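There are two complexes below, and they share chain A, which is joined by chain B in the first and by chain C in the second.
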Partner chain A sequence: MYIIVVGGGKLGYYLTTTLLKEGHEILILEKDPAKCDAICEELGSVVVRGDGCEARTLAEAGTERADMLIAVTNEDEDNLVACQVAKHKFNVPRTIARINNPKNEALFKKLGIDVTVSSTNLILEHIAEEVPTHPLIHLLTLTGRNLEVVEIKVPPNSAAVGKRVRELALPPQSVITLMVGKWGAVVPTLDTILEPGAQLIAVTRTEAKEALREAITATKGAE
Partner chain B sequence: MNVIIMGCGRVGAQLAALLEEEGHKVTVMDRESQSFSRLPPNFQGRALVGDGTDEDYLRRAGIEEADAFVAVTQGDNRNVMAAQIAKHLFNVPKVVCRIYDPLREELYHSLGLETISPTTVGAKLLRDVLID
Partner chain C sequence: MAKRMEATKFLVPLNGERVDENTLRLACTIARSEKGKVYAIYVIEVKRALPLDAEIEPETEQAEKVLKRAERIGDEMDCEVVTELLQAREVGPAIVDEAVERGIDVIIMGMPYKKPFGEFELGNTVPYVLKHAPCRVLVWRESVDIEEP
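Let's turn to the complex of A and B:
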């Protein structure tokens, strides 16, 4: 595939290295001459100096024949415009934009960007997963239904450890849909016994999230 | 009319003064508070420090009740993004966007934005002055 990467910062650089290894034809567009030189030295002539939002630069880069354009600069407005110009002027079939401000996700989708990757959200989620005081992680909102898919870790000292699913005080309309434990992933039945340290994927109503967290993570003393 | 102007440069400030003189309700936004020194001393409208590409700041500027939104910051892409937020997220009835780059202006015009390229307009004016 011929892929154009707009933005030769760290993300653009490592993305290009990965894509080159997979055998794709890559061209980076970068405004800063110093960054261009550095990339050129490391990766060879895969970089053109220029503004990836400008139609002329994109035309010189052969954007009409590109299969994909990925915009990964630090500025959301630049990523948006690069993708829109690629899509509407050069008919690039697939555009991917990095989003720095998570608020822009809905806007970018509405404006026709095919895929958005919110770097801030991704980092936040990964950190949240590692913070032990926060055992419940929001994974997904089911649109229009007030239901969420969440991940909960069963703390080893939880009162729920060793209990069957039917014995848990789950709030109404909360369902444990998957348990990933030492035997791998299982779809739990009412008789499945909760393992210490297991990860649960559950569906719950937004307002019942706290009650669900309580039911899974409360320690014996707190009972 | 209730108008929000994003960007208080020379054009933004002068436009704010013109509109206010005609009796319109004007809110000016800029990322830098010192830009507001360009406004006339008797300016009665609102001046708000904030990023016009951020929906929360736009809400604070009263975009939900605005009749018109004008994007005149120095950045073409910021103008394009803010104008599209105003038009597509907040359904502001009249949205105008300044784009210096004529090619980009042409594209966004064809995508339904009301756009003005001072580059094209300025060049035409100069040509007309040079050659009658």
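Let's turn to the complex of A and C:
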């Protein structure tokens, strides 16, 4: 697969190293000559000095025959433009953009970028995982389906404790797929009773995440 | 008795310039005295817009001519010359990779005397090879009177 990586910072460098090991043909587009020299020294002739937002640079880089373009600069604007030019001018089948400001995520999706990765959100999620009281953790986004896989902890004082799954006010298209409790992991049925402290793995629509959290974690008084 | 240089594998990158012939003859002379072998390579630089294994007709034709001529020079000088045509994104790294792969003892590179903007320039390939080659590198610069009219 021929993959173009826009941005030769730390992320671009390590991404390229990984993809090269997998046997792909990789090219990094980087504006900074010092970074270009460093990459060239380390990885060989896999870097071209130039602005990945410019159509001319992308043409010289052979974007027309690229299978994928991944824009990972520190600037959301640059990542957006590089992906858009690649997608609409060079018909690159798959574009992936790094998003630094989570506020831009919706805009990127609206403008047709295939996959967005918000570095800030990823860091937040990893930190949240380490906070023991955090009830809902995002695990995975199912691309193009507006569905997410999340993990929810059932607080001991939750109104859901002792209830059967069928009795929970789950939002539409939300499904509890796994319960990990004191008896180990079970695939819950509608008659499974929620244990206090259990971890639930659920699939839900992005906009229903909060309602799902509420259905599982609301305390008895707040019901 | 003079000490031998302990080199038997010589790599000579060619690119169709006038300096090629003298460089190859020098390499053959040294190789013959060392009972060694000369590897003559021609590297075609492939633009990123094309896949690395793309067939580039005019360049390939030119490269084959240059390599055939190299074989003839080898025959004339009674020296074994192995030729190879390579395609790469950049010439410098391709030469270094080839030297590593073949366990070359000395790279002998020819360069013309050129002053593109009134200043003598080494270009990109020679400095790259000098910096990165793991083996000895000999640069043969053509004399001024040959290049200048």
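Quick note on the criterion: the second predicted complex is superposed on the first by the 145 of 223 C-alpha atoms of A that agree within 3 Å, B and C clash if a C-alpha of one lies under 4 Å from a C-alpha of the other, contacts with A are read in each partner's own complex, and residues count from 1 in each chain.
In this section, a residue touches a chain if its C-beta (ideal position, glycine included) is under 8 Å from a C-beta of that chain, and two chains touch if they have at least 3 such contacts.
Keep in mind it's a predicted model, so treat the numbers as computed, not measured.
Asks: Assess the superposed three-chain arrangement around chain A: do chain B and chain C clash, or do they fit?
Replies: fit
Asks: Quick check for you: in the superposed arrangement, does A:Leu107 touch first (chain B), second (chain C), both or neither?
Replies: first
Asks: In the overlay, work out which of chain B or chain C sits against more residues of chain A.
Replies: Of chain B and chain C, more residues of chain A lie in contact with B.
Asks: May I ask you to decide whether A:Lys89 touches chain B, chain C, both, or neither, giving the answer as first, second, both or neither?
Replies: The answer is first: A:Lys89 touches chain B but not chain C.
Asks: Contact-wise, after the overlay, does A:Ser45 reach chain B, chain C, both or neither (first, second, both, neither)?
Replies: Once the two structures are laid over each other on A, A:Ser45 reaches chain C alone.
Asks: Once the structures are superposed on A, label A:Ile3 by its partner contacts, choosing first (chain B), second (chain C), both or neither.
Replies: The answer is neither, since A:Ile3 touches no partner chain.
Asks: So, does A:Ile26 touch the first partner chain B, the second partner chain C, both, or neither?
Replies: neither
Asks: Is A:Gly62 contacted by the first partner chain B, the second partner chain C, both or neither?
Replies: Only chain C is touched by A:Gly62; chain B is not.
Asks: Minimum C-alpha distance between chain B and chain C after superposition, to be given in whole Å.
Replies: Between chain B and chain C, the shortest C-alpha distance works out to 18 Å.
Asks: Which chain A residues lie in the overlap of the chain B contact set and the chain C contact set?
Replies: Chain A residues touching both partners: none found.
Asks: Spell out the part of chain C that touches chain A in their complex, as residue ranges.
Replies: Answer in residue numbers: 47-52, 88-90, 93.
Asks: For chain A, which residues count as touching chain B in their complex?
Replies: 53-56, 75-78, 80-81, 84-85, 88-89, 101, 103-104, 106-107, 110-111
Asks: Chain C touches which residues of chain A in the complex?
Replies: Per the touch definition, chain A meets chain C at residues 2, 25, 27, 44-45, 48, 59-62, 64-65.
Asks: Once bound in the complex, which stretches of chain B touch chain A?
Replies: Per the touch definition, chain B meets chain A at residues 53-56, 75-78, 80-81, 84-85, 88-89, 101, 103-104, 107-108, 110-111.
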